[in-house]
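I've put the structures underneath this note.
In what comes next, subunit A is part of two complexes: it sits with subunit B in the first one and with subunit C in the second one.
Up next, the complex of A and B:
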């Protein structure tokens, strides 16, 4: 087969796949609606699935900064806290109770926006510092959020905040997971995304190649914290109770572990990492307190034998836009590196 | 004025403990450019060693201190040998995640064995004096003096001995040092032993000052010590000491003049401001990026 014919053939195949994806997603959305409406799944399983979804959003958003941009941010739970408290405050204190369910998506988005605004603030120190020093900045930020919330009485202070209705449902979680994956995938494979990757490889060199590193960093931090805020809003309306200790360093560590367990710089890795981590923790639940002894041990063993995580920079083909995939396969057949 | 002096003394006590732990971070970072996030939990193990030695073996202070330091140092060496050494050539983040995993393991293992907070029985009798209106407790002075002594010994070790020279050589250039006959693995093991041993000593001293200990006590103290190390300039030994005392002073002064719930908030905001103006820390050299 000639090269042009080959390309045409591949294009047809790929386009068919691409037309299939929205249909598949719509189908899954209807399934999730049906599960929610007719209680087709055990409520416990449903809860776990929702936790997995929220963890996927958190993991994929942290992966944008830590995996794709190569920074080491360790305060992700802080952004989650901002989103959770903003959304909960809106649905409980600001919006009338009977309308809360209708305005829930707006409250979640407001939480995401508040987190993104804070993310912009954290991006500023990242212009000058990198590596361990930026880790300190984000770490300190996470602690600042926690102790700020502890000192605000309107948010319940250290006692926590409750009164949210259970507004997070399977269809909403599904929607936000797909939306966050879609946005972050499109960002990564856009011009902006190339900038993000070039910062990971070499910041000085990418600045020389006229990448506006400040702009890229600000946007990456803002998008990452936006989705962390969204996850926080969903989490708060699932658990119906939040307190500052929910969002401490241990939560940030959990998210970090999911990112590196799955594999940095990979959407498939984020999904796998979040799912495997959440499921294993649930499966090991009968072990009681020993569960949290085995889990870190598994993590250490995984890191020793697969230091790049489960997927390790590779990507599930569906997450790669069609033109990049085509370019990759064709150049590989010609014996060139993509 | 007396109030300030009193707080100054408290700051010295807290700062000494932070400085001892920060030294562990900075030693390991200096030699491996790796952050040992399990270090805060090794500090916790030190406090638990102290508890075991006092409550079950009934040992007096000095053997307790030595036992805890040796126990924690042994644990540190084992962790380095089995968890970190295989990852020395791997990407930096996998080492960091492994360290986080080891830390979680230590916390939860201790939690599984001792689900409730434990109280260390009093080891030294505490006397109080009043000098110019400032009350001095013998315990406080003992903690400060002992930590200063340990730091002085460490400084001697690094600056004046062959082993210290080998450590500095490795941190200067990891590839050339073995060519000059420096046994890299042995020196790295020793560095881990010294660094974690100091963490263990800090655990014992912390246990003397605040006798109620629990498996999660190392998390917050560990991160704060890490912050001290970074403020001083990570990898720099004298910087870690200075950073520890600065963080201790900031925390105590915040508590002295504001409600105590603002302690972490103000402390971290001040640290952020410091890092914005001096990103490489107080004694650190600015990193240069090359293409």
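Up next, the complex of A and C:
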């Protein structure tokens, strides 16, 4: 096969699913609208589906830092709290009640931006040094957020904050899930994303290959925090009640488990991890407190037998942009030296 | 001879231990020079000082007119200095192609926001990065492995990929840290040809550290000998072979003449 012919052939291979995915997503969005409008799904099932969606956003955003970039952040629930409280405060205290539904998307975005801003504050000093430092800083950050909120009366203190209307709906969750996956996919398959991956592989070598590692780390952390904030806003307007304990270390651990269960450095893994974990937790609800024995055990077994998670560093082909998918099909045999 | 790299009185201390002392080096454009010396003489430290991994305690390093001391490694790499490592440091879990593509980082103009919306020069630049990477891989006869994970390559090819990755930054100056380490004589002979070819093909200035005398003596136009952080000799390979102090360092006592 000539070089052009081969390229054409590979193009056809690479195209599988390329045009189908947007159509599929549009279809699913219409379905989610219909379910919401005509109550086609059992409310309990709908609630679980929305939890899965919110967990996907949390998982994929933490995966950016922990999976793709190989750093270890353990305070994701803290950023979620920032988003949840910011968005809730806006819809309940700032915006007029009859307009809240219209401004809900903006409130959620404001929550994301607030979380991203705090994320920048955490990232800039944390990334000055390497290694476990980020874990310690983010751990402390989670605790600071919790005790800060507990001491702010305007946010309800330890009693929690309520008064939100149930503004989070299936179509909104679906939209934000797709948006977060799309953003992270487009960033990963770009110059910036290659920088993120190279930091995981070997940070020193990465800098010596001209990657501006400081900038890459800070930006990745800000994007990750942004989506944690978005998930927080959606979560608050689904549950209609939040309190500081909702966002404690257990919640952060849940998100960590979903990342490592599904697969580090993988969008498909994030979806899988969030879905499997959320469903298992629901199924095991009758076990009560024993759930908390079962889940860590699952994690230990997972780390022993599948340390990179279910999909571990692999990606569902449809999620890979065209050019990179083509690159993945480059000849593996021809042109090799004997 | 146009100087491209100049080290003036470079000194580096690790917690009071002097690794490099008053080191001077003048490297001309397109020169192919080597640094030799016993283990622990401070050869790799010199590379780490040039590339910004360490910051010199005293002295100055100028590259094509720019002062390098105090600059971050990624800036120095972007200015046109690339290197390989004594013990291979590839991005192991990534493909051969991605290893090379990453090294284009500083040359890419579009920003993350443009990447997000696939706007600006995104597609054109990505296409160019891909083309250049494949071209390099083909030149280095690695194109058959583009989609292979780097860690799965045989040892010799991993070394070559490291060089390909370094070349992808489009350097003017290439620093090779023991490129022949772990190679058998046939492989060393091929590496020798390869370095000479690369020197011409990419119009490079090359500075290499090596223990394999056969390679150094046949490839380098000029040699510097380091011992305990100090330069003890400098000259053509022929001169170095006859230098008394060098013989002392390598053989202990100088043979009676």
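Assume the second predicted complex is superposed on the first by the 321 of 338 C-alpha atoms of A that agree within 3 Å, B and C clash if a C-alpha of one lies under 4 Å from a C-alpha of the other, contacts with A are read in each partner's own complex, and residues count from 1 in each chain.
Going forward, a residue touches a chain if its C-beta (ideal position, glycine included) is under 8 Å from a C-beta of that chain, and two chains touch if they have at least 3 such contacts.
The shown structure was predicted, so the numbers you read here are calculated from the model rather than taken from an experiment.
Superposition model on subunit A: subunit B and subunit C are shown accommodated side by side without a clash.
By the touch criterion defined above, A:202 lies against subunit B and subunit C together after alignment on the C-alpha atoms of chain A.
Between the Cα centres of subunit B and subunit C, as seen from that of subunit A, there is an angle of 80°, stated in steps of 10. When the two structures are aligned on the shared chain, A:264 is found in touch with subunit B, with no touch to subunit C.
Once the two structures are superposed, subunit B and subunit C can be ranked by residues of subunit A touched, with B on top.
Distance between subunit B and subunit C in the overlay is 7 Å (nearest C-alpha pair, rounded to whole angstrom). In the superposition on chain A, the residues of subunit A touched by subunit B in one structure and by subunit C in the other are 202, 204-205, 208. Partner subunit A is touched in their complex by these residues of subunit B: 29, 35, 83, 86-87, 90-91, 93-94, 96-98, 100-105, 108-109, 111-112, 115, 219-220, 223, 226-227, 230, 234, 259, 261-265, 268-269, 271-272, 275-276, 279-281, 287, 289-291.
Of all residues in subunit A, only 66, 72, 125, 128-133, 135-137, 139-141, 143-144, 146-148, 150-151, 158, 202-205, 208, 249-250, 253, 256-257, 260-261, 264, 289-290, 292-293, 295-297, 299-300, 303-304, 307-309 touch subunit B in the complex they form. The residues of subunit C lying in touch with subunit A in their complex are 51, 53, 72-74, 77-78, 82-83, 85, 89-95, 97-98, 101-108, 110, 112, 115-118, 122, 125-127, 129-130, 134, 138, 141, 143-148, 165-166, 168-169.
Within the complex formed with subunit C, the residues of subunit A that make contact are 183, 186-187, 190-195, 197-198, 200-202, 204-214, 219, 313, 323, 327-337.
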